[in-house]
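Each structure below appears as C-alpha cells.
The same chain A turns up in both complexes below, where it pairs with chain B and then with chain C.
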Partner chain A sequence: MPPSPCALCKVNRALILRPKDHSKLCRPCFLSTFEAEIHHTITSSRLFERGERIAIGASGGKDSTVLASVLKTLNERYDYGVELILLSIDEGIRGYRDDSLETVKRNAQQYGMPLEILGYDELYGWTMDQVVEQVGKRGNCTYCGVFRRQALDRGAAKLGVKHVVTGHNADDVAETVLMNLLRGDLPRLSRTTSIVTSTPSLSADGAGKNTNIKRSKPLKYTYEKEIVLYAHHKNLDYFSTECIYSPEAFRGSARALIKNLERVRPSAILDVVRSGEDMAKLVPGSDEGCGGVCASAVPAGEEEEGGCGSANGRSSGGEMATMEDQLSQNEAAKANGLEVEITSSKIKKSEAPLPLTVGKSRKVPKASQPRKEPKKQVMGQCKKCGYLSSQEICKACVLLEGLNKNRPKNHIEVGYEQEKDVNGATEAMKQLDVGAG
Partner chain B sequence: MPGKTNTDMADQPCRRCKETAAVLVVRKEPLCRDCFIRYVHTKVIKHMESFRVRNADPNHQRKLLLALSFGASSVSLLHILDEIRKRQASKTGRTGFTLSVIYVESEGQIPDQDLLARVPEAYPDYEFDYKVPHWVFNMVPENDKLLDLVPPEARNFSSDGKLMSLLKSLNSVTARADVISTLRTRLVVEHAKASGCEGILWGDSTTRLAEKTLAETAKGRGFSLPWHVADGQSPFGIAFNYPLGDLLKKELVSYVNVVGDHLPSLVLESAPTQASMSSKNTTIDDLMKQYFESVEENFPSIVSNVVRTTGKLEATSTTTATPRCDLCSMPVSDGRFGINGWGGDQHARLDTVGTSNGTQLCYGCTRSIPQQSATTNGST
Partner chain C sequence: MSQAKDEDTVSITVEFSGGLEMLFANERKLSLTIPVKDENGERPNIAFLVRHLCDTIMKDPRKELFVLDDTVRPGILVLINDADWELEGEDKYEIEEGDNILFVSTLHGG
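Moving on, here comes the complex of A and B:
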C-alpha cells in the first residue's frame, strides 16, 4: 500500500490509525485532535470555572498522567485560568505504589504542579497490605475502592480544593454501564454515566466540609487506546502496572466484552456511553432529566467506578458466583412465597387445617429479603466521619469497624512476627559477635 | 446440553412431586418430566394472564401473531400455547385466544419445504405464513419513510433489489445484520396489523432478551430498551408479549427434548455460535450471543437479572406526535436524531438534526446507516 496522506492536513504522511474511527492521521494532527476533543468536552460541559483550584487524582498511570499533561497544555493554550494540583493516594501496597508514586513525583516536577500524597495509614490507620493480611485477597478491593473514594475527597479538602478531576476514560465508563447492567444496579448505572458528580446541597452545615467536593471526568469520551497513543507520542512519563491484588470479577467480564465490541465496531465504546446516558434518564426516580444541574443531582459519595488505577476489579473473583447464589436464593424464596400463598388460599377454600405450611414457613422470611430495587437513595451524612452516605454510618466506617474489631487477632500475628524478629535479632547478634570476634 | 444432567440424576427423586425420578436439574432443583413441563407452562401462563378465557369476549376471538423462527424457543412457545388452548377448551368449552403463525426467513437459514409443511400439519388450527425480509418494502404504506432509506437508484427495483442495494451500501456485517433484524421486526408488525392480530408473541427466552439488552446497548439504542424487553403496548401501536421471558434458553432446549414427540423435528438446527476469528465477520449480536451462552452456563440467575433490571427502566412517555426513527420506528424524544449534538460528539457541528435528504434516524440506526452529513464523523 502506498503511504497515505493525513486525512486532516493532507500534507504529512499518515502514521496513526485512530482507534476511535479508524481515520488515518499524522502525528501532529493526532495530538492536536486529541487535545481539541478534550477541550471541547471541557467547554461544552462547562467543567471548569476561572479561578478554580482543581486537584487531579494522580496515580502515575497512563490515564491520570495524560490528563495532567493535557490539562496543563489546554489551561495554557486556552487560558482556563484554573490552578492545577496533583493529588495522590498511597494505598500502602508495597511494590505497586512505590514506583508509581515516584512517577507522580517526577510528573509534578515535569508539569510544575504542586503534589500532595496522602496515605491510607494516615487516613484510616491501615495500609492495604495490612488489610490484605487481615481479610485475605478475597474482597480486599472493596476496602481499597471505598477507602480511595473518600481519600480523594479528604485529600482535596485538606488542600482546600473543591474540584477533583479523575482520569476515567470512555472505556471505563462503557465498562461501568455494562457491569451495572450485569449486576442489575440501575441507580449506580445512572450515577456513573454523568460527567460531573457533586453534592452541593450538603455544603450548608459545617460538618460536611469533606463532602462538598465536585468531581468530573474530562476524559469521559476519550478512548483508552488513544490515551496510550497520546502518551506514547508525547513521550509522557507514566507507570504501567496492574494492581497486584486486582482479580477478575464483574468488571473483568464487562471489560473483556468492551474490548471485543471495540474490535467489531470501533464506535461501540462511545455508543455504550451514549446508551448509558440515555438509560440514566429512564431509571425510575433519577434526577438525570435535569442534566445533572439541579441541586440534588447525582450524589458522588457512594458511586463506584473503576476502583484501582488499573481500572480492574475491586471485588473478589467470586463476585459473580456470590451474586448468582444470592439471586437464585431470592428466586427460590419468591417461588416458595408464591407456593405458600397458593396453598393457603386453597386451604381457605377447603377449610383444612394448616399442615403443609409448617415445613415451608422456614423459608418464608426469605421472601421478604430486601431485593435490589431501583429505589431513590436519600443521601445524608455518616454519623462517624461526616462523609456523604446513604446509610447512618458510611461504608468506610463500617469496614474500618470490622477491621479494628479484629485487631486483637492481628496482635497475635504480630507476636508471631516478633518471634521471627527475635530470631533475626539473635542472628544479627551472632553476626555481631562474629564481627567482634 | 440437556442430556448432560441426566446421568447423575437417575436415582434422585423429583424435588416437587417427590414421587417420580428426576430427569433433569432446573435451577438447582431435580425435576421429573411432568413437573418440569408444568414448571415451563407456569412461567408462560404468567405472561398470558390477559388471554385467559374469563377475559375473552365470547363473540370475538382474540388473535395473536406468533413469530416463529424454528429455533427451540419459538417452537416450544407454539407448542405450549397450543397446549394451553387445548386445556382452556377442555375446561370451559372455549378458548381465550387463537394464534396466527409467521415465519420470516433469516439469512443463511432456508428451511426445506418439508419443515415448512410440518408446522400446519402439527398445528392445523392456526394460519401459517411464510415471508422473506425484503417483502417489508411492499408491506409498509407507500409514503412510509422507510422507503426513503433505499438508495435513490434502487427506488424502482423490486423489493429484493431494494434490500440488496440497501445492504450493499452498508459498511459492516454488524450494520447489515442490524438492519435486517430491524426490518424483520417491522415486517412482523405490518403482517400482524394486516391480518387483524391484536398482539405479537415473541419467542425470546430470558437469555435472548439479555443478549438483546446488551447488544442494543452496544449499538447505542439504550433509549429504546424498555420497548425491547417488556410486555405491553409497543410504539408500533400493537402489543408485544414475551411469554418465554422467564425461561432460559437451555431450559427450552431441554423442553423440546423432554416433550419429544414431533417437537425436535420442528427445530431447525442452528449452527453453533462459533467465535469467528475475524472480527470482520462477527456481529455485535453474535458477540452477545456467545457471551450469554457462557454466562447462562454458570450464572443463570445473572442472565435473568439483566432482563429483570432492564424491565425496570421506564419508557419515556410518547405521543403519536413524537417523531419516529425512519428505520426502527422508535420514538425519538427531543429530536435527538443522528450521532451528532451530544457530549460524545467532538466535532461541534451544527447540523445535528436531520440530514440533507430529510431522513431521520435514531442514534443507533445512524451507526448502521451513516447519513451523508455524518460520514466524516465516525465510520469510514
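Moving on, here comes the complex of A and C:
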C-alpha cells in the first residue's frame, strides 16, 4: 500500500487511522487533535473551575497516565488555572501495585504534580490480601470493585479535595452502557453515562459531616485505541498489568463484545455511548435532560467501577449475578411504557445480529416465584459511612460488616485497640459487630 | 555485525507492549529472522509472522489472548514502522528487511 498523506497538514505521512471517522493523520496532527478534542470536552461541559484543586485518580496505567499528561498540557496551554494532584489507591495486594505505584511516582516527577497514595487498609481497615485470606479467591473481585468505587471519593475527602477526575474512556462507558442494558438497569444507565457525577462522602475534618465530591471523566469520548496511540507516540511512561486474581475476567465479558464491535465498525463505540446518553434521557426522574452538563450533577452512587484490579470500568462475571435483582425494576419501567418507547424509537435494527454472549447466562426469575415489589431507587446516604447509597447501608459497609463479623475472634480482640482509630468506617463496623454479636 | 547477510531470511524487530509482553516471557523487544518465503512460497506477511510467533516463540499456553480466529485478537493494535497496520493492509502486509512490528494491547490496565 502506498503511504497516505495526512488529512490535515497534507504533508507528513499518515500513521494513525482514527476510529471515529476513519481520517488518516500524521503524528503531530494526531497529538494536537487528540488534545484539542479533550479540551473541547472540558470546556463545553464546563468541567473545571478556576482555582479548583483536582485529584487525578492515578493507577500508573495508560488511561490515567494519558489523562495526567493531557491535563497538564491543557492546563498550561489554555490557562485553566486548576491545581492538579495525583491520587493513587493501594488495594494491598502483595506485589501487585509495586510496579504501578513506582510508575505513578515517576509520573509525579515527570509532570511536577504532588502525589498521595492511600491504602485500602487506611480507608477500610482491610487490605485485599486480607480479604482474600478471608473469603478466598473466588468472589473477592466483588469486594475489590465495591471498595474501589468509593476509594477515590473517600481518599479525596480525606485530602480535602472536592473534584476527582478519572481516566474512564469511551470504551469503558460503552461497556457500562451495554452492561446496564443487559441488566435492564435504566436508573444506573443514567448515572453511568453522565460526564459529571457527585457523591457525598465523609469529610476529613468534621466528625460525621459530609462533603460533596464531584467526579468527572474528561476522556469519556476518547477511544481507548487513541489513548494507547497517544501514549505510544508521546512516549509516555505507563504500566500495564492484569489483576492477578482474575486473569479470566476478560473472557466473554461485555468488554470483549465492545472490542469485537469495534473491529466490525469502529464508530460503534461512540454510537453506543451516544445511544446510552439518549436512552438515559428517557429514564423517568433522570437529571439527564441537560446531557449531564448542568450544575446539578447526577449522583454517582453505584456507578459501575468495574470488577477488579487495573481495569477502569470493566465488567466482571460476578456483576451479572445482580441482574436478577434489577429485573424487578425493569417491571416498573415496562409499566410506564418506557421499554416499548426505547425499543421502537431508539434502537434501530442492527445490520448484523451480534451474539451477545456474556459470561454467565441470564437468569430469568420463574413466573411462579414471588416477585419483590419493585423498589423505588432513592439516593440517600449510608448510615454507617455517609457515602451516597440507595440502601440504608452502602455495599462497602455491608461487605465490611460480613468481613469483620467473620474475622477470627481473637484477632478482633487483639486488634481492637490498634484498629480503633484507623478510620470512621472501621469504627462503625466495630459497633455493628457488637450489635450483631 | 560483519556477518554476511543470509539470503534466505529477513531480519526484523518485533516489540510487545501494553501487557502483551507478559505472554512472551516479559520480552519487550525481539530481533527475529524469518524465512524469505512462507509455507506457500509467498513473501511472509503479518499473518505469517503471527503464526510464527504463536508456534515458535510464544511459550505461554494462553494463545487466545494473542490470536482469535487466526488473526490478532480485537483490542490489540499492530503498528508497522509506527503506522497503524490498517493503513498498511493489515495482516496482508508483506514484511520487509528491517521492519519494526509493534504489538500493543489496549486491554490491560487503566
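As a working rule, the second predicted complex is superposed on the first by the 312 of 437 C-alpha atoms of A that agree within 3 Å, B and C clash if a C-alpha of one lies under 4 Å from a C-alpha of the other, contacts with A are read in each partner's own complex, and residues count from 1 in each chain.
To be clear about the criterion, a contact is a pair of C-beta atoms (placed from the backbone, for glycine too) under 8 Å apart; a residue touches a chain by one contact, two chains touch by 3 or more.
Computed from a predicted structure; not experimentally measured.
Asker: Clash or fit: how do chain B and chain C relate after the overlay on chain A?
Answerer: Pair status: fit.
Asker: Under the stated touch criterion, which partner chain does A:84 make contact with: chain B (first), chain C (second), both, or neither?
Answerer: neither
Asker: Quick one: is A:382 in contact with chain B, with chain C, with both, or with neither? Answer first, second, both or neither.
Answerer: After superposing on A, A:382 lies clear of both chain B and chain C.
Asker: For A:41, using the defined touch cut-off, is the partner it touches chain B, chain C, both, or neither? Pick first, second, both or neither.
Answerer: first
Asker: Quick check on the superposed pair: does A:278 touch chain B, chain C, both, or neither? Answer first, second, both or neither.
Answerer: In the superposition, A:278 touches chain B alone.
Asker: Once the shared chain is lined up, is A:238 touching chain B (first), chain C (second), both, or neither of them?
Answerer: After superposing on A, A:238 lies in contact with chain C but is clear of chain B.
Asker: On the A-aligned overlay, A:263 touches which partner chain: chain B = first, chain C = second, or both, or neither?
Answerer: both
Asker: Tell me the contact category for A:164 with respect to chain B and chain C: first, second, both or neither.
Answerer: The answer is neither, since A:164 touches no partner chain.
Asker: Looking at the overlay, what does A:21 touch: chain B (first), chain C (second), both, or neither?
Answerer: In the superposition, A:21 touches chain B alone.
Asker: Between chain B and chain C, what is the tightest CA to CA spacing in Å in the combined model?
Answerer: 7
Asker: Which residues would you name on chain A as touching chain B in one complex and chain C in the other?
Answerer: Residues 260, 263, which sit in both footprints.
Asker: Inside the complex, what are the residues of chain A that reach chain B?
Answerer: Contacts found on chain A: 21-23, 36-37, 40-41, 44-45, 170, 177-178, 181-186, 195, 220-221, 253, 257, 260-261, 263-268, 270-279, 281-284, 320-321, 323-324, 327-328, 331-332, 373-374.
Asker: Where on chain C is chain A touching in the complex?
Answerer: Residues of chain C touching chain A: 17-19, 22, 73-75, 77, 79, 82-84, 86-89, 93, 102, 104-110.
Asker: In their complex, what parts of chain A are in touch with chain C?
Answerer: 1, 3-4, 13-17, 24, 27, 59-64, 100, 167-168, 171-172, 224-225, 227-229, 232-233, 238-242, 250, 255-256, 259-260, 262-263, 306, 310-314
Asker: In their shared complex, at which residues does chain B touch chain A?
Answerer: Contact set of chain B toward chain A: 27-28, 172, 174, 213-214, 216-223, 225-226, 279, 282-284, 287, 291, 295, 298-302, 304-306, 308-310, 312-316, 342-344, 346, 348, 363-364, 367, 377-380.
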